[in-house]
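These notes open a run of structures that come right after.
The same subunit A turns up in both complexes below, where it pairs with subunit B and then with subunit C.
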Partner chain A sequence: MDETVAEYIRRTVLKIPRDEIKPMLQKWGFLSEAQIETVNFRQMKENISQDVVQLCEENSADIKQAAVLDIIYNNIYPNKRIWSVYQMNKTGEETEFFDLTDFKKKFKRRLRSALKNVTINFREYEDNAIWIRIAWGTPYKNPNQYKTSYVVYHSQTPYVFISASVLRSNLPLLCQALVVASNYRDIHEMELRSHSLNSLKDIVFKRYSQNFQTYCPRPLPERNVAPETVDSRIIQENRNEKERIQRLNRQVFGDGPQPKIEFAQYKLETMFKSDPEMDVLDKKEPFRCLVKFSSPHLLESLKSLAPAGMADAPLSPLLTCIPQKARNYFKIREKKGLLPGSFVSP
Partner chain B sequence: GVFAHLELLEARAYEAAVKQEETEQQEEKLARLKARVQELRLQRDELRAKVEQQQKGQLGKEGAVLNPAQPSARAVLEWKMKSLKAKLQIFYLTGISGKLTKRGVCFCISTAYEGTYLDSYHLDLLTKPEVQIYRHSVPIFIPLQQIAKKYLQTDIRRFLSVLSNHLNAYVGRRYQADQLQEHFSGHIEGTLQRNSLCNLLVFNYNVSSESKTFPFKVRLLYGDPCCSLPTEAVISCTPGAPPSLAEMAAAHSDLFRRVPLHKAFRSFSSSGE
Partner chain C sequence: HLTTSLPLPSERDHLRPRIDMIVFMIDIKSKYSLKNVEASLAHVDASFFLGKVCFLVTGVGRVNYCSVEMNAISKLGEVYCSPVLFCELELEGIRVATAQRLLRMLQICAGHIPGVSALSFGTLMRSSADN
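What follows is the complex of A and B.
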């Protein structure tokens, strides 16, 4: 077995949390059940990984098989990477009959025709997600297995989720291969990025909870029936206001959990509006300013702003439109009305 | 000590205050309810008087107790409920229901396949200045924009009907593929290749002939997006297979095009193939 492959497997196993190593090796399926049983998973991770490498040596693992283990790891822990969403456009209106074998063949052919030194792996999952792992090389160097790009594509959809590596120069080639393989015409990057791949999927596939008004019987939301305070002499002064805020919040955010994004960025190119007497700027030009909101879970925190009393309800549509417009990077320019300009219509 | 005594007194005072508060609230509530009862009694009396007047009026004119052209309040209510129940029944059967919203209508398309209710999808439409889709929960691989471009402005009923057909066919195909994977995984060799729309399925399964098993490779193409049965069923067998197998392949191909996938496989297991 190649030393580089051994080292790669060793490092991949080290990344896996101790309790997950055995299930992941089983999922991988490269080592037999009997072989896996011989490993003591209670020893130090250093030693576990050495044992695994030893077993892989016995089975003569090559880089393709090692790459599969890497895909499995990234599929279970996708939030360690940052994902961007790309949108593809089609010319025709005929029904798509997506053939997986055809897709894989076209993708590999396109990529390999431009770049000989590249490792490509595919893995399909139950939810129709196709995971593609690409390790990039140059005409003179072998593919760098530690700087990989990941692509997640759901067939017959115009969206591709890409976690590119540092080597952004390969991105145009990757995009081209995707367009050719999936029978689309072109592709462009959307203004939507997050660590949470599933949340990005929720946003563009519209799987998040939108509060639709229907006659379908739904269990009524539980109100505060039981008074929290034992003392009935305490009266809720702002009960009406609180209920109004709850109602508005539910209308805007829906009942279910919000998609998980970590930041929203607003690039302001608007004129600074100050008191004319206090002429701060000599020249009347747009005041460039970047506002960035960060949070472990931005949309949930926005949802809790009004109920917590930290903001007025309803919140600015600039903040609440994020899932519907499927973007978290905005450019706000001067416009006649109060509405900000340059929104990409969905 | 003194503090303990004070605490005791304080606790007692607190309890007494709470009790008093409670009784006051009870009395208030009781008074409110009594007033409400009075209100309702008054209303009832008024309505009774009205009904009697109407009946007297009829008696005076024609001598009949009830004029069928002016049904009683109870009959009107019953008729309303019956017609509402009928409407809800229609919605339940067709799977399309709608509710007026402040700015338009919200439709709910419920799908089903062969008696099993499956997913529901929503469409929030605006009606001014023109009919447009504000938001929806239709899967991205359903050609919603195409269908909307064709019918939304001109014939909204047709739009809903076509969309409903697409959605029902999709869930039907998906249901069959899921059933195949769940209940007949033993028959299938390797994985079932499918896609988001479930309009192309490729898989291998074994058939036995003359006490030997042979692999069949199937490629099911669902050419009509509004249909849950394949338009093409291409079955290929290995080159060295006996000629009787070609007949079986043709028969199976025909079966797949006529019968839901899982039912076809059920017939295979029952006929002992």
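What follows is the complex of A and C.
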């Protein structure tokens, strides 16, 4: 077995949390059940990985099998990478029947015709997701297995989720190969990025609980009222206001959990509005400014702002439109015409 | 009666009993909390400041998250001639002890303790804090 393959397998196993190593090896299927049983999974991970490499040696693993293990790892722990969403457009014809073999063949052929040194692996999952792992090389160097890009393509949809690696220069080639292989016309990057692959899927496939604007003259009856032992002697003076905020919040965010994104970025290209007496920026150029919101779970924290008293309800639509518009990177320009600056929210 | 800011909503005026003491809670992790309290203070009648107002600073257990400066708080206490208490709501022992203190102060402010008035108690608290 190649030394580089052995080292790669060793490092991959080291990434896996100790309790998950055995299930993942079983899922991999390269080592027999008997072989897996010989490994002591209670020892230190260093030693576990050595044992696994030894077994792979016995089975003569090559890079293809090692790559499959890597795909399995990334499929279970996709949140370690940042994913971008791309959308493909058809020429307007009817949807053709999707042929997986044809897709794989065309994809590989397209990539390899441009770049000989690539490792390409596919794995299909039950939810119609095709995972593609690409390790990039150069015309003069073998593929670097540690600089990989991942593509998740749901064949029934025009959406592709890409986790590019450091080598962004290969991105156009990758996009081209995808378009050709899937019989689409072109592909463009959406302004939507996150660590949570599932949340990105939730957003573009509209799987999160959406707010439906219903006309509701009376306040909704309170559900989820925490049955605390609230002393009846405690009187909330602002109950009406609190209920109004809850109602607005529910209307905007819906009831269910929010998709998980970590950033929202707003690039402002608007005119600076100041007191004319202050005479700042007399050149009247757009004031370039970048506003970035970050949080472990941005949408949930936005949802809790108004109830926590940190912001007025309703929140700015620039913040609340993120799931509906399926974007978290915005460019805000001056709105020309009747209402200057109305496109910019305070 | 709990409220997020003053003045109190007027629609409940007729339901409210006499107010004996006001405790302003400042979360040391939130500058907004201090600003809110300062804005609300403007709506309080001057007579309350004769011992019927107290500032309660919460969240003091987490030193890393302090957003409000101690100077600002002690100045607030001085300017409004009212005591400042510190507590950490997340610890049950301190929470209970603080509640008992406030309850005692409330009893005095409501006139339930014969011989001790809110004003005299307030003076007592202030002079001991200065030491």
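By definition in this document, the second predicted complex is superposed on the first by the 315 of 346 C-alpha atoms of A that agree within 3 Å, B and C clash if a C-alpha of one lies under 4 Å from a C-alpha of the other, contacts with A are read in each partner's own complex, and residues count from 1 in each chain.
Following the convention adopted for this analysis, a residue touches a chain if its C-beta (ideal position, glycine included) is under 8 Å from a C-beta of that chain, and two chains touch if they have at least 3 such contacts.
Quantities reported herein were computed from a predicted structural model and do not represent experimental measurements.
Bringing the complexes onto one copy of subunit A puts subunit B beside subunit C with no clash. Contacts of A:H154 after superposition on the shared chain: subunit B is touched, whereas subunit C is not.
When the shared chain is aligned, no partner comes close enough to touch A:S169: not subunit B, not subunit C.
When the two structures are aligned on the shared chain, A:E96 is found in touch with subunit B, with no touch to subunit C.
Residue contacts after overlaying the shared chain place A:Q236 against subunit C, while subunit B stays out of touching range.
Among subunit B and subunit C, the chain that touches a larger number of residues in subunit A is B.
Seen from the CA centre of subunit A, the centres of subunit B and subunit C span an angle of about 90°, rounded to a multiple of 10.
Here the smallest spacing between CA atoms of subunit B and those of subunit C, following superposition, is 9 Å. When the two complexes are superposed on chain A, none of the residues of subunit A touches both subunit B and subunit C. Chain contact summary for the complex, subunit B toward subunit A: residues 17-18, 21-22, 25, 88, 91, 97, 99, 101, 106, 108, 120, 122, 124, 135-141, 143, 146, 191, 193-197, 199-200, 202, 221, 223, 225.
Within the complex, the subunit A residues that touch subunit B are 93, 95-101, 124, 128, 154-159, 204-207, 210, 212-216, 231-233, 324.
Interface residues of subunit A facing subunit C in the complex, by the touch rule stated above, are 234-238, 240-241, 309-310.
Those residues of subunit C whose C-beta lies close enough to touch subunit A in the complex are 1-5, 8-9, 11-12, 30, 32, 36.
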